[in-house]
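Some structures to go through are shown next.
Both complexes shown next keep chain A, but they swap its partner, so chain B is in the first and chain C is in the second.
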Partner chain A sequence: MSKGFLAQGSFTTTEKRQNIKMKLGIAGLCLAIFIALLSAFWISRSPPVPTAIADFKAPFVFGRFSIPEDNPLTEEAFQLGRRLFYDPMLSGDNSMSCATCHQQERAFTDGQPVALGHGGKELAFNSMSLANLLWGPRRFFWDGRSPTLEHQALQPLINPDEMQQPLDELVRELKSAPEYPEMFWKAYGEVSEENVARALATFMRMLISANSKYDRYLRGELRLSPQEEHGRKLFMAHPDVKVSLRGGNCIDCHSQFVTAGFSDGWDGFINNGLDAEQNLGRGLEAVTGDILDRGKFKTPTLRNIAVTGPYMHDGRFATLSEVLTHYNSGIQFSDTLSPLILEADNTVVDPIAAHGLGLAPKEVDAIIAFLHTLTDEAFLTEPKFSSPFEEETQ
Partner chain B sequence: MFDFSLKFAALTASNTALIVGVLTASSQAQVREESRAMVLLRSLPTLSASHSVAIVELDPESEDFGKIISEVEQPELEHPLHHLYYSPNGRLYSTGLDPKCSLAEIGLARDSTGAPEVTGIQCLDTAGQMVGEDIMWTRSNGTEYMFVTFMGGLGQADGGTVGVFDAQTNEVIKVIEARKSEVGENAPYILYPHGISAFDDRMVVTSTVHPDLATGVGNTVTIIDLNTLEPVQTIEVQGEMPVGFPSSPVEVLFARPSIHEDIEPAVLVNTMFGFETWSIPYDAEAKTFGPAEVVYSGVQNGTAVPLEFYGNDTELFISHALPGVVKRYDLSKLPKLVSSGPDIVADAGAHHMIFFTTKSGREVIAIQNNLLNLGDAKANDPTDVDFIAGLNAHTITVHDLATGERLATVNFRERYKKGVDNVEGLFGAGFVHHH
Partner chain C sequence: MKRLNRLSIVAVSTLVLAAIIVFAFDFRTKPRPLKLIFVAEANGEPIEFDTFAYTNPGGTEMFRLRDFRVYISNIKLADGDKVHVVENSYHLLRFDRSTPQFNVVLPKVPLRQISRISMSIGIDEAANGSIEVRGDLDPNNRMAWNWNIGYKFVLVEGAIQMDGAVMPLVYHVGFNENRRDLDFVASTSVDRDENRPLTFSVDVMKLFSGEEVINMTELQTVKMDRSDAALLATNYAQMINPIWGD
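On to the complex of A and B.
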């Protein structure tokens, strides 16, 4: 029985109530028989072979990605995952869906400094963009506490501060919902916690952003403006005063094409100088237990970065300008500060205590202009990534 | 966000979620793709097969070793594509030997399993320039261009051009041509250019051989001023003539401090028919080149047909088609060739190479062993050309990089009835100093 049904008010007389109860009882019995027959029908059938995603193409330059052998990309899994992603049934009180904190028009972030969980409670971290999760670090969340996307997908559901959804209850609800049993059947065979995770992971894996101005530039379809091109060059360069090479040092952490952190081991987690030693958050240390990982957080993708603010793991910077000011003059030294950041200085040869890049205002503006070329309007408005419920009501 | 209560922990089966979506050891290994190579395959005259572009697994530790992962036939051309190059933005190009397709861009994508696939080949307009050889991207007056050597030039007997292309649109910006018969005496000229390299505002191209291998042979390198895109100097590199031909400089490397900070700038040149490696010192301040000198003699060392320069962070590698070896040198000592280890013994025709790490972490070098895929008279092949036929093993050999030990061999002639013209790392260069 759905929670919505339980929430209905009562305003009828006792007799009427009894009649209604009787009718409801009969209807309930019929419904139970129908569900039982339906279940038997589903069980008696062999699961269909899921359909490969039609015309799937990912940019070659983004690099290799790997799909778990027990969760291949299929059309049925994607459609199921999309529906689950937007369905508030995934929260305990049916008030929140994944999309509450991951909104398509914001590249699947929420515009808040930190995510807001159940009852508006402020959570510890900023909502991460879900773009291009096929690439980048193979651990998920800012502190890397999830080893797979399937594992990650369920964590907000079961977290009492977030969606407060016991999974066994969710499975019961999904089995009772009119549309889900068949969708699960077609995608995976049965409704289960594992298959909820698989479907959500599939939907997230399919959120590929690869049609920004930068992508079209990479494909040779257009030119960047002189300012954007200047910014691109700075983005790609590690400064070297000895040879007069000016650089923004971005590529040292944000790989050239995907602009996410590196995928090897823990390379995608760094301390980017936000805080001095005494104020360092635990970050990756909370996962590895290694004090040398203190203050290291996941390097996020910069795809669509212009629409994903506020920035950093705790959303401390409201604008890209504030972010660049941090890298340019606000680096805080600590024991685990990335040496790539420590050494990045456009004003000092062989810096040992750098506090920032030392870029000129024009150079900062150029980098910001380049970052805006990473906005992918097609991704932000792609209908197949949008809520299916809105489609159904139109 | 982390603190979920015991109540919720008990209600959930979160541990079961851990078992789904986990990459197995084999799928983890798939993430690494540096051992997959782009290769250009060509039909051999007596074997019925088509020219193609393919992706091949070259990790000797992989069960797929030698397997073609993806393959697309080349357009209907008599002569195949020749050399592969990735642009700085990750676009894949190939030069071609057929006048109908002397330069092409190759489409690449990934399927829903993440596997790379070749999606197509688009021949580009070269404004009549023929027989593309080498490509490099460098700047002229602050703008990056794609420079391509065309050994056949515009078709004349003393032809040869360097094409300057818009790096974004592939449009021809300029054809750099200076035919010896048209420039004045002692004026710089460009003849059958093949190798190309650059440092600062100076580019160097070699004068190799007319594409028909009969009309003419070069013995010089030509310097191009990247400010004006005009040739400014031609330098002779002619010494021994062990086979009676001019030296035929083929590949060239502008050794420079950006390769290693200890390097004194100089141009290194391999002479295909002189069997030598030459060094031409360069004064970067005065922008002048010193006298050329031989720094390696194949006649004295029992090698012939030196071809390619490749390098990693510490070593320079030079392939010698005969007897089929790759010699290795201390990178920091360039332009002197100071040996850094014993030769890597490949097969006849040792030519292009890539470097990668195997599944278990072993560092290896894969060497493509073919000079040109012409046939062998012993196979009743009408395209046999004396001297060249013995330079075609049609193999890629994979060796331990530290010891040179041969770990495995793919014989493309036996396995696929094709020759292998070129090998390149799948995801960009498996090396750092080709030019």
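On to the complex of A and C.
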């Protein structure tokens, strides 16, 4: 009896256990399906991992560069930035894009003495070339008012004299445009002001010009002509009459390989003797508030300089010949004038008598010939840097 | 049994004591950063940049300084016989009105004390003839002349008042033969337990008023002339001095 009870009892326990196991199994299965569905939903709502730009190589002689950790170089960001750069949607009345003032065939300048803003209004500064922004001064604009490319990228948009584009309105427009939500999704996850800035900065960082005749010369692929070589030597030398060294003094402000201003601190900002004391523009002083920075402006890259005229921060010189005339005989004294420019003279030891380099016409021509070796036709015509809208209409 | 317990206590105590000693010793010899502070001075006082505050050592005219830069390299530190050679040791000391002192942090120095330090003003010939970026060497910076000549080792720029005019002063000194090797021995070793930095005075006036007294109105610029550069190099060999603090 007891055995029977025991046996019955034992049967009941096994049945219950099986029941519980089955219930647990169903519950587990439900949980697994729930987790799978949740994961699928979460994955479907997470932006895909962007594709790092794999074949990005910087010329060795350009030296170090850095990319912000929160804006790595990716294909998706580059394509988005490229489209935004050429899209007039970025201006308040949809009439101007970044490319209005930064045209590829002019190394991303516009051929105007000063940039023309909204309604053709003349702005204070000449449009700067956008080549090789990973190197050179780490401040942007002629007066250095932007500390990063991400910051710089939005300034023309929000300037009432330039593109007159409220950023909240732009984000609304981009969200309702057919292509942009997906492009932003793939690059950054969402449409936002910050991500507009990041994408534009990525596009600008990739505008690398490193295939000029000078680059090929540096790589040992060709020789410069005798005149170009003469110009190169003058470019690279600070004159020293004491040892009969003639020089164009260019390298004292434009580094030998990058040809832009120097990247350390404010080294890339110079008063190059354009104006006498009473007419001196504020320049860097507007940013630092220091009167000792008055008249200092950013030293631009000389890459593609032959196609980026007019020259200087206010576009006062139409040709390279005018620029060389300034350095050769037109230096104006002021308190913040670079001592290297004031002192550089090929003709006399006494700088009181000097207003410039005092180079012979042949030497001036040689420097101009060398400057033409900095033109990079591949950069000026690179399809990846061109308007995607033109590609779409072809 | 009691004896066994006593033995155990002694053994455990010995082990603990040994662990403490090993830990403490390890802590004291573990590589730690060492900060070197270089203070720009003129005649033993902090430099006043951008004011006509100084008298021409070889004359009576007043002059001002705008920029003062020095490449130092190949730093070696010693604690008695133990020598630590700093890797990629190329450091650009940059002084101007916003940076009257410049810090160099050596990341991992495995010495308990510093009894001796050596360094060069300038750059060794191999690095000076290279366009490789290492340490603070950068062929695209303001200290690079061009790849044929190498780097400026010492740069001083400013202006001098002469006959009612303001005239430029440009002293760029380079060339391999002008590297100067410095070696400083402490009278008492500097203990690193308190993470004390080592401080150095860098006196710009010694460039112009050392073994050779420079009249700036006669020598307003030094660049490519090797005999002029050598004059200043003779002087700048005495320009950097440690302040041991003892």
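Note that the second predicted complex is superposed on the first by the 346 of 394 C-alpha atoms of A that agree within 3 Å, B and C clash if a C-alpha of one lies under 4 Å from a C-alpha of the other, contacts with A are read in each partner's own complex, and residues count from 1 in each chain.
By definition in this document, contacts are C-beta pairs under 8 Å (C-beta built on N, C-alpha and C of every residue); 3 or more make two chains touch, one makes a residue touch a chain.
From a predicted model like this one, the values you see are computed outputs, not experimental measurements.
> For the combined arrangement obtained by superposing on chain A, do chain B and chain C clash, or do they fit?
Pair status: clash.
> If you stack the two complexes on chain A, which partner ends up touching A:Phe262: first (chain B), second (chain C), both, or neither?
second
> Just checking: does A:Glu150 make contact with chain B only, chain C only, both, or neither of them? Give me first, second, both or neither.
In the superposition, A:Glu150 contacts chain B only.
> Among the partners chain B and chain C, which is in contact with a greater number of residues of chain A?
B
> By the touch definition at the top of the document, which applies to A:Asp168: first (chain B), second (chain C), both, or neither?
first
> After the superposition on A, what does A:Ala201 contact: first (chain B), second (chain C), both or neither?
Once the two structures are laid over each other on A, A:Ala201 reaches chain B alone.
> I'd like to know which partner A:Val61 touches here: chain B for first, chain C for second, both or neither.
both
> Quick check on the superposed pair: does A:Val49 touch chain B, chain C, both, or neither? Answer first, second, both or neither.
Touch partners of A:Val49: none, neither chain B nor chain C.
> Taking the superposition as given, does A:Leu73 touch the first partner, chain B, the second, chain C, both, or neither?
The first partner, chain B, only.
> Check chain A for residues that touch chain B in one structure and chain C in the other, and list them.
Touching chain B in the first complex and chain C in the second, residues 61-64, 257, 263 of chain A appear in both lists.
> Touching residues of chain C toward chain A in the complex: what are they?
Contact set of chain C toward chain A: 50, 66, 94, 97, 131, 133, 138-142, 144-148, 157-159, 165-170, 172, 220-221, 223-225, 228.
> Could you pull out which chain A residues touch chain B in their complex?
Checking each residue of chain A against chain B gives 52-53, 56-73, 115, 117, 123-125, 134, 138, 145, 147-151, 153-155, 158-162, 164, 166-169, 193-194, 197-198, 201, 217-220, 222-223, 257, 263, 286.
> Residues of chain B touching chain A in their complex?
So the residues of chain B touching chain A come out as 1-5, 7-9, 11-14, 16-24, 27-28, 30-33, 89-91, 108-114, 116, 168-170, 427.
> Give every residue of chain A touching chain C within the complex, in rising order.
61-64, 135, 236-238, 240, 242-243, 245, 251, 255-258, 262-265, 267, 292, 333, 335, 339-340, 342-343, 351-352
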